[in-house]
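Each structure below appears as structure tokens.
Each of the next two complexes has subunit A plus one more chain, namely subunit B in the first and subunit C in the second.
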Partner chain A sequence: MPRILTLLKTYPALVIVVALAIGFSVLSPHFASSGNIEAMLGANAVVMIAAVGMTVVFLAGGIDLSISTVISASAVISGLAMAATGSVALGAAVAVAVGLGFGALNGVLIGFFQLTPFITTMATQLIARGVAFVMSAGIAVKGTPFWMLDFGFVQWFGIPAVTVISLMIVGLAGVAMTQTTWGRQVMLVGSNVDAARFSGIHVPWVTFSVYLFSGALGGIAGFISIANLGNAIPGVGDTLLLIIIGAVVLGGTGMAGGEGSIGRTVLGVAILAILTNGLNLIGIPFYDQLIIQGVLIFIGTWMATRFGNRRDA
Partner chain B sequence: MQPKRLQTIVSRQKWVAIAVATIVLAGVLSVVSPVFLTLSNFQAILVQSSVTAIMAVGMTFIILTAGIDISVGAILFVTSALFAQLMLVTGNYALAFSVTLISATVLGLLNGLLVVRFAVSPLITTLATYSIYRGAAIHLTGAQNIPVPREMGFLGNGRLWGIPVPILVLIVIVIIGVYILNHTRLGVYARAIGNSDRSARETSLPVARITVLVYALSGFMAGVAGLILLARVGGLQSGIGIGIEFTVIAAVILGGTKLTGGSGTIVGSVIGAVFLVLIDNGLNLLNASPYIYDMVRGAVLMAAVAIDRYSAFRQSVVLEARREARIVD
Partner chain C sequence: MSVHSNPVVSVRGLSKSFVGKTVVSGVTFDLFAGEALALVGENGAGKSTTKNMLCGLLTPTTGTILVNGQTVPKVIGAEHGISAVHQELSLFGSLSVAENICISDLPGAKMRVDWAAAERIAQEQIAFLGIEIDARALVETLGAGKQQIVEIAKALLHASKVLILDEPTTSLTAVEREKLFVIIDKLKARGLAIVFISHFMEEIYRVCDSFVALRDGCQVGQGRLAEVSQRSLEEMMVGRTLEDARVNLAAPSQTPALEVRGLSSSDFKDINLTVHRGEILGIAGLMGAGRTEIAEAIFGLRAAVGEVRIDGKAVPRDVSAMMASGLCYVTEDRRKNGLFLNRPVRENLSAAHIAGFVQRKLRGFGFRGEKARAHDLVSDMNISVPHIENNVSDLSGGNQQKVMLGRWLATNPEILIFDEPTKGVDIGAKFDIHEKIAALAATGKAIIIVSSDLPELLHITHRMLVMRKGRIVGEFLRSDFDSVKIISLAASSNEGGQDAA
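Now for the complex of A and B:
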């Protein structure tokens, strides 16, 4: 019994995930089918990857409002590169490079020039959105290579390839955060900047690296969005910010820094994924979904801060 | 001696910086375009900025307490949806106006109560209510466009004593805002809470009540702004208010209000809103693609916080040097 209690304190969102999964399985016979679960996993790869980036930024005590439109900008520029050359590898490289570029911009300004994360990334959000729309002239980029179109439907080990990629990123980020010096440094910077400084951590570098990391993940997420949607869409990221931040805080990672984990975010993404999917299955219109989603984000975040452990055991 | 005094004025009164920037930009635009320096264009700019500026007045109070409200655009949307729907069904202006403004205030009040009562940050709380209010609005209208009666146009495009009505509303709102901020407990306490939440509590200021009132005030402003926007556009459209929260926050920050709370002015926020419209105006004169607007706004915002950071840094260096000089003496 105490072990379950510890588990729940570490992963407060687990209760909601289980409750939603059971509830929707009862309400809809299609919910627990393998086809539906596959669709759910595939559709949420983009949010999952971006949410991992946002989690690391939150853990360092910052926020990255630009990640949503960095997804758009990198998707568009990568889509243009692929349309021009037909090379998917180049497209992937370009997407990551664009993400790294925006991440570096955020990182330099916040880490080295100590600008406020909220305003700085709000500005980058606008800039990235502008880049996405200017480069694409506001319409979906045509000429996606066939390989890329197929890739959205490819399965590896019986699950969608895009999901495998997102899970690999989750795994790598989880290891990086818990098993490496860098991860510990990020946690310490997030929980106590002064302590981090006094223990010899170069805080600007760590902060820079965190935004670089989330920028790179925004780039990868943008690339994956092309595989999912078949085209690079300039507005793809516009509606994602609420879902990404919502998933991270629902999982139980706090905005104050140093509190939370990648594992928690996986659960947070799962909650919103199950919710959207399940409500669609039982025929709830999107606007009522917005209401339910908002209520759940608030209650879930409150529960996580109220009942969760302050730190992962 | 003279430039140094100027510098102190600029650094003490943060809004002076944005005012100077606005005048410079206006000067450049008047050289570029002969139409710019006309009374009608001047009025058009103020009318265009009125919606953002009115909301910025409310947001200034919230940011002064070190809070934030992401839901203002959704409050604007849901209350104008309510107004349009009520006008369609009842046609009663008095009813529609009062219900709209009261519900806007109540929705803001709800934000405040949630922020105060639960240990969830203002950002997450208002992000959640953003989703809820927006969903409620579309639920209410069934995602339909609803026209408003033609007389409503008076509020958006009409004139009173030769002055466009939105500008008059803005002036009234600014006067009320400045009065509340500088001459009532609400304003003074809000600033104190933002300066130090802890000292405010320790001196037993009614922190919870003030916080709730501040969010309610911002909700009310969003309701007023929604009515003007509705009147200007001529009806409810489903995209109304999307993303406006970031423009409003940008205006407040450009106006010199600190995101960490405690310091800022209403006049600054309003000039910030005008400045953002001037940029659009300038880009329009240059025949720039509308997609570039976002990029330029982002760059300007980034430059503004960088300059602010740089001047704060310089000031701290000067203070440090003075302190050292004193020690040597």
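Now for the complex of A and C:
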């Protein structure tokens, strides 16, 4: 089969990304400017990191509804730790630890006690949201160290540092999913959990590890949100859940498990990022944007289905 | 064929290609009321694909289908009276028999389903088939034999002209098969045209009147079965002359490899068995006798009490511990708990022992050599696959079965439990698999085969256990194999049974 067709089957969302990018470049001269691209990348680092976690959970056939408010809780607790000690390193460690804690909770309940992922992570979502608001008294945590405030504007290799971090996470997760036994087992469990068990794969551990992983990424995303916004905001994750899930599904990773990849999610995040940014640039009012976004997402999923989610050779 | 009236359905030059690969080409035949046509061919010959075009699941790339002499642009099963029982069962386990049978056309007015009518319709269909099943029972509570009957009853509801049966006997025992054949005779008498797909030649001669033979998607022969010998039909399918299928079994050793002591659960009671190195032990019995349950319990997939010893040492009944001790279990239900359908053939082959399948410098990292090993296995097991990167769901039924076997043989096990190892594979492949099993035994591996295919067990085992209702009720050595005795022992209803023969 021609190369290009193979590429489209592997990354069905690619057409949409390219079409949107070309469309907005024509409509707005600013769209393709380096400043705008940088802004887009930086603004979407949090979503990107969380979407990677969600992708891995989806690939294993589960769902993590708590990832959005785990972002909030770890941001708040990390922000409090930094305000108290002034140590950014401690803040980062605390953020990851909080994420791991919530992830472990999900993982134990779903992996070992076999509770349903949807309900379990919904409950965790409530708890994490409660924790974020209780600990911050409902307002932004003050006292973020200066280094952290600067970090949102730091550039590494000419791109925002937060973007570099999110891309590193994308790369590592991609390698983990395609190059390790663990990644393969995640795919197989998602594809057919009974067959995985019959093949000697320890399904409870794999399931546990997947939620632990997404918890950790929720923690990192929470930490990055502080750099982006300047403060730890208790409601930072509240509106992100649908964007995260939407990006994963738009990219072409199915909710049924065993079908999709990290690479596809990058494209899914790109679609939503370009849409929001582009529509803003050409001056479409917010509520009109929603309608246009909805219609474009219809077209997008239709195209993704047309090109098929199958990876034929 | 001047004795015939007009054909009910005719197929002219039917072809199908997938992404440029032609898998069926130029198939032409006629179906007559009251007659059964056998569609024969090796695994991957294109039988199921032809069936799917005939019942409207696939659109032919080229060719025409005529119903009552009229060309139809696209077959609509319900409208044209053509319906199929597919190779893989397609029932909803958590729904009742009545719901399953009527699912595509529930009776009732507008928005309300008339459940009483649905039950009546279902019960009528089942009664016609002459089998006792309660229309209100949940399908998952029925054995495989009865599920197959429900599947047929469901297909019959819309099969006013043609009923296609794709390997309907693979999970049935001899008694259940005979019942099915009586049903098919009835359907023929009712004026239905039957298309029958099977790898069992005796069944084809028992059920069918004419045949169409396919090889690599091409029609290589057709005619009346009365005018062709079984041998020449087989040779037509494989395209070469066949030697006699005889396996040479080496004598087993006296060293026990696997010992099961007092294994009990809700499905079986007090199971004691021993397999020696180099021995092939068969387990015969009817559907629902508890054979699969025992195999799964030994491998640690099912709760039970009792002891399992490997090479004299007790092993905890846990899949990883069993695999580490060299045991493997090849499931009978490849779609449900065997295959990863939406993953490539390559990953399906390496799934049971990834680390041993690839070459690694770092623990848990990298898949170097996976492709090469998968290619080796594909050619070693003679699996016909478009490409190893195709999803395993693209393979024909028999080739999917070979993938299952290949996966476990790749783990280099010492003790192998095969549950219906040749389910859906063609005669040539069956012969190859039997030879492989015999060769494994000759190198000192211990083997257990659970099979509903008694001739297979008679052919390939040193010793046979007969099970009935969760108990071992008899044991036969190869020198005393007697199929009549074995069948009556498996089916008889008097409790207690005989002791070892």
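Criterion: the second predicted complex is superposed on the first by the 298 of 313 C-alpha atoms of A that agree within 3 Å, B and C clash if a C-alpha of one lies under 4 Å from a C-alpha of the other, contacts with A are read in each partner's own complex, and residues count from 1 in each chain.
What we mean here is this: contacts are C-beta pairs under 8 Å (C-beta built on N, C-alpha and C of every residue); 3 or more make two chains touch, one makes a residue touch a chain.
Being a predicted model, the structure only gives us computed values, none of them experimental.
With both structures placed on the common chain, the touch criterion links A:229 to neither subunit B nor subunit C.
In the superposed model, A:116 lies in contact with subunit B only, and not with subunit C.
Shared-chain residue A:131: touches subunit B; no touch with subunit C. Legend: residue contacts after superposition of the two complexes on their common chain; A:302 is shown touching subunit B, with no touch to subunit C.
Looking at the shared chain after the overlay, A:188 reaches subunit C, while subunit B stays out of its contact range.
For subunit A, the partner that touches more of its residues is B, with subunit B and subunit C as the two candidates.
Once the two complexes are laid over each other on the shared chain, residue contacts for A:258 go to subunit C alone; subunit B is not touched.
Of the two partner chains placed by the overlay, only subunit B lies in contact with A:289; subunit C stays clear of it. In the superposition on chain A, A:37 makes contact with neither subunit B nor subunit C. Within the complex, the subunit A residues that touch subunit C are 1, 179-182, 184-185, 187-188, 191-192, 194-202, 258-259, 310-313.
On the subunit C side of its complex with subunit A, the touching residues are 19-20, 301, 319-320, 323, 329, 331, 336-344, 347, 351-355, 364-367, 386-391, 407. Here subunit A touches subunit B in the complex through residues 63, 109, 113-116, 118-120, 122-131, 133-134, 137-138, 242, 245-246, 249, 255-256, 285-295, 297-298, 301-302, 305-306, going by the rule given at the top. Subunit B meets subunit A in the complex at residues 68, 114, 118-121, 123-125, 127-139, 143, 246, 249-250, 253, 259-260, 289, 291-299, 301-302, 305-306, 309.
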